[in-house]
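What follows is chain A paired twice: with chain B in the first complex and chain C in the second.
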Partner chain A sequence: MMALSRTTLFGGVLLLAGVIGFALLPGFVGGYGLSMAINFLMFAILATAWAMFSGPSGYVSLATVAFFGIGAYTVAVLGERLPWGAVLLLAAAIAFLVALLVGLSTLRLRGVYFVIFSFGLAELIRQVVNWYESTQAGSVGRYVFLDITQEQIVWQLTAVLALLFIVGWLIERSRVGFALRMIGDDETVALHCGVNITLIKVLVFSLSAAFMALVGAIVAPRWTYLDPSIAFNPNISFQVLIMALLGGARRLYGPLLGVIPMVLLFEYLSTHFPHLFSVLLGVTFLAIVYLVPHGVAGLIEGYVQRYRKRFPGKRGGENAGAKARQGGAL
Partner chain B sequence: MAFLDALLNGLTLGGMYALVAMGLTLQYGVARIMNLSYGEFLIAAAFAAFWLFQVQAINPLLALVLVVPVAFGANWLIYQIMLHPLVKRSRDRGELEVNSILATFGLLFVIQGLVLLLFGSNYFSYTYISNVFIIAGSPIAADRLLAVAVAVVLGTALYLLLMRTRPGTALRAVSVDPRAAQLAGIDVRAASAMAFALGGGLVAASGVLVSMFTTFNASMGVVFTMKALIVVIMGGAGHLMGALAAGLILGLVESFVAVYVAPGLTLAATFALFLIVLLIRPTGMMGRAGA
Partner chain C sequence: MTTSTTLLSVRDVTRRFGNLRAVDALSFDIAEGEIVGLLGPNGSGKTTMMNLVSGALKPNAGTIRLAGDDIAGLPPNRIARQGIARTFQLVRVLPSMNCLDNVKAGLGFGAEPVWGSAADSRAEALLQRVGMAHRCWTLGKDLTYMDQKRLELARALALQPRLLLLDEWLAGLNPSELVEAIELLRKVRGEGVTMVMVEHVMDAIRSLCDRCVIMNAGAKIAEGAPAEALAEPEVVRAYLGDDAHA
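What follows is the complex of A and B.
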């Protein structure tokens, strides 16, 4: 119990430091620094939200960009008509509802069926939006002219990330989080233990979708021009997946450990090797799958575990590393 | 008239989908590898056929004889070197699926990146035969018809191979239960590698055939992977006849939606259909219950 509260306290202090750091950041860095910060925060939220559902449950979702795009399009359509706060709330609400509908019908699909469906869902939404915009609305693209600065985007994203960590932490500790991990280990057992598996899965899935939509909505003003191939770019889903897996999806802070090196790597690759970007991305991905199968978080906890085994009695109890290592594919 | 056009178009399209999916149903049904880089192999073969035709003046049918064995060998090596360690590492089928998805996902980017590097991101096409047949007043391109004919030959050969020969029977046994197949004296690793390589050969063949009548570019592989996956899952993994039926249904639906509803909604129709089949029969039209 002591160790737990100490870790919690440590996490809280770290979170607070991060929030203050990002809140003060615009005063110290220029435009490039800000855009890097936006990239980092954007992927941090997306990957953490992805892992909040997919990590414990084992349902690998490739629909990240579907919800991200829904958020961005909400801003493109309604951004000038409604106050900003209402637009953000609406974006999250729409994504929540879409995820609810999709989840109710597809979360009974297990394993690969779910991966494929979520992969296709983003494409499906993109096609429908594309079709609607070009035949009904008149033009494929839309302009987003909103008076929102880069600094404001950084602040908003920081607030959302902090909120996500608090929500994720609460879920992890709650019965919902426990039920979700149980579903990931063995769905049949969970069912027999009286877990309402559909409710739990759909609830957390929709919640993570709402966060993804918030990110899409907040960063939309950055683009000024928006069309379905930008807002629903499938690469975003893939990058989020890679980052979350590299970091380790079974811990709340795991994805963050993957986001930091990957954002830097993507930035480096796309400026220095634009032609080789795709090849190097693939090689990185393969390296992660083969060399770091449990992510950086699993690696670190494995070391901690070994350290504790060699010097027992310092801090006993939690077998976090072993759990992270043996617990499922993610 | 529009009806007959849509019907013929749908049948040829569906025949191609069925062929494209047959390789994947082998890879997924027998070798248990969910190969997300499947479509990239198709595109790579299409580019190989394009290069052979334009630069070396080798016609696509001859290209088939060159490209397919190369693809077969490459896929055999990929299974033995890259994928077998994953099979060993995974404790159950679900874990292997996730692991193979992740690994082939990396492979997808590598192959796509190489094709992009070699050919750029432009659209390519070439004309091999430009004749058009008229069937009951509806035009149908000769190259399409030829592609479907070759597809039928390949499909029949594969069916006979699986149903009438001993190695084919071994593959089917592994598809039903790898562990029990091992008890019956079947080398599961060799059979899986064979199935994966056969699937790779088939997808290369369909790539060459598709290249005869469509325009393609380096980033189109994902589209074919999606279609193949939908067909395989709809038909039931490992079922050749299921893949054939699902492929034809998919081709017909797309063709009729394009003609009678809106061309922009074909993909939406595909997914709606896919979802309906999955909701009614989660193991596919011909899949075993609880498989």
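What follows is the complex of A and C.
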């Protein structure tokens, strides 16, 4: 059996092309283009990180912005005091630890209870930061004066997205990823098969939180001024959820398919209908859940399955081998 | 019967739900290589007992030893790694995964995990063993009821269990499926797997079980070879009511 399948190779080539494309991008586009690129990369990382945990496990999280905001605030507080690399590492580490603690105490909640809890968590963190800033730090807002350009933000986000795809791919093909899929299908079965379900859930949840915090930290210099309602804006959690669902959360590349149209759509909505944005966000959400419940990736996969059923001889790689062995046994 | 090594030893195990003692100071032993039927009327505590052994429930009192190690109160994943596999009273397969992956679920996380291409070939062999070699790529949710039961058995066997718990594994099958299923269990038994089965299908008990433990209201009321144990007056009373009223 081949160590690397054709799809893996194809994915690798695409990833490399994407990295080179984004690395060279600043030379070709102006400020608006860069800002769109940042939006796209930011949501691509957030949605992919979200789907890395929530896709296979079925635990729908609305806490994305909690970790994103933790990253942004790490920069706001420590950005001028520590070297940039240390700030990023610290942001990821803090989010990882918060997710670890939260996960240990709450990942036994299932279904709608977890959704509500995760939403509550994001609000709780926002309120705590709000309270601390206004009563202890003296002012609700903070200024972020860092000498980081748009180009540098694009490059950093590109690197993080590439890293996320590699990590996500490694998890997907490992026993951890397999166990997460088992948990999504039936937690009781997973448990009785010997899976330490708490460990697996908390580990992947925390890892995805670390990536979300990295994004928050990297894009924070863009704002110059930061307060809790910007850094912990719940709309971000919902936007990420919609993108991942539209693309399809059960495949690593799925969320990406949702991010591209959605970033464009949200850009259009927020410039043309700024006051109706939340309403239109909700309508989009409903339309997606109703029309493409398994996402674009699900649609593609459905077509592939139907194609394979019609032409069973064309099964790729390992499947074909197994099929041949099976044929011999019958 | 020869007294061989004891594999499972249950001593004075009690489990309460509120005021109800679902299992009440129950004790029994299972020897290596034996098949023991756990019988009793509905509500007598059989499934609770199975859940206590597999770790789904924790006992309030008593000890459960597997080959000498106390496993009472351990979480199910630890117990699975110690070598106890189970099937579920209401059959549970992984619906969105194909049959190969369903079996790999049992292979990857046991005491000696198998992964990668070795797991693929092992999983195929196990599917063949339960007569499902042609179903490798079918999703769990698309299987017939009988095939789901077979798949559950293959997954349990994938753990290479020292002890296999079957909770009404034969329930709900039609007569021809039942014959097939009993044959399958006989094959597994031939390979030396120790089993405890909760079962209502008397034919299966008579043809498969070496011994029976019969429960009523959480306590053991009889134990022994199936024919004798089932004929004991107290067992008849438990199932049919008192002679005087009959």
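Please note the rule applied: the second predicted complex is superposed on the first by the 309 of 330 C-alpha atoms of A that agree within 3 Å, B and C clash if a C-alpha of one lies under 4 Å from a C-alpha of the other, contacts with A are read in each partner's own complex, and residues count from 1 in each chain.
Going forward, a residue touches a chain if its C-beta (ideal position, glycine included) is under 8 Å from a C-beta of that chain, and two chains touch if they have at least 3 such contacts.
Because the structure is a prediction, the values reported are computed rather than measured.
Visitor: After superposition on the shared chain, which partner residues are touched by A:A93: those of chain B (first), chain C (second), both, or neither?
Guide: A:A93 contacts neither chain B nor chain C.
Visitor: Is A:D186 touching the first partner chain B, the second partner chain C, both, or neither of them?
Guide: Second partner only.
Visitor: Check whether A:I20 is in contact with chain B, with chain C, with both or with neither, and answer first, second, both or neither.
Guide: neither
Visitor: Report for A:V140: first if it touches chain B alone, second if chain C alone, otherwise both or neither.
Guide: So A:V140 meets neither chain B nor chain C here.
Visitor: Thinking of the overlay built on chain A, is A:V195 touched by chain B (first), by chain C (second), by both, or by neither?
Guide: second
Visitor: Among the partners chain B and chain C, which is in contact with a greater number of residues of chain A?
Guide: Greater contact footprint in residues on chain A: B.
Visitor: Regarding the shared-chain residue A:L170, is it in contact with chain B (first), chain C (second), both, or neither?
Guide: A:L170 contacts neither chain B nor chain C.
Visitor: For A:F178, using the defined touch cut-off, is the partner it touches chain B, chain C, both, or neither? Pick first, second, both or neither.
Guide: second
Visitor: Jot down the residues of chain A that show up as touching in both complexes, chain B in one and chain C in the other.
Guide: Dual-contact residues (chain A): 329-330.
Visitor: Where on chain A is chain C touching in the complex?
Guide: Listed in rising order, the residues of chain A that touch chain C are 1, 175, 178-179, 181-182, 184-186, 188-197, 318-319, 322, 325-326, 329-330.
Visitor: If we count contacts the way the header does, which residues on chain B are in touch with chain A in the complex?
Guide: Within the complex, chain B touches chain A at residues 34, 85, 89-90, 94-95, 97-99, 101-103, 105-114, 116-117, 222, 226, 229-230, 233, 262, 264-265, 267-268, 271, 274-275, 278-279, 282.
Visitor: Spell out the residues on chain A that touch chain B in their complex, using ranges where they run on.
Guide: Residues in contact with chain B: 58, 60, 105-106, 108-113, 115-117, 119-121, 123-124, 127-128, 130-131, 134-135, 234, 238, 245, 275-286, 288-290, 293, 328-330.
Visitor: Considering only the defined contacts, which chain C positions touch chain A in the complex?
Guide: 54-56, 75-77, 80-81, 85-86, 88, 92-97, 100-101, 104-106, 108-111, 113, 115, 117, 120, 124, 128, 133-134, 136-137, 140, 155, 159
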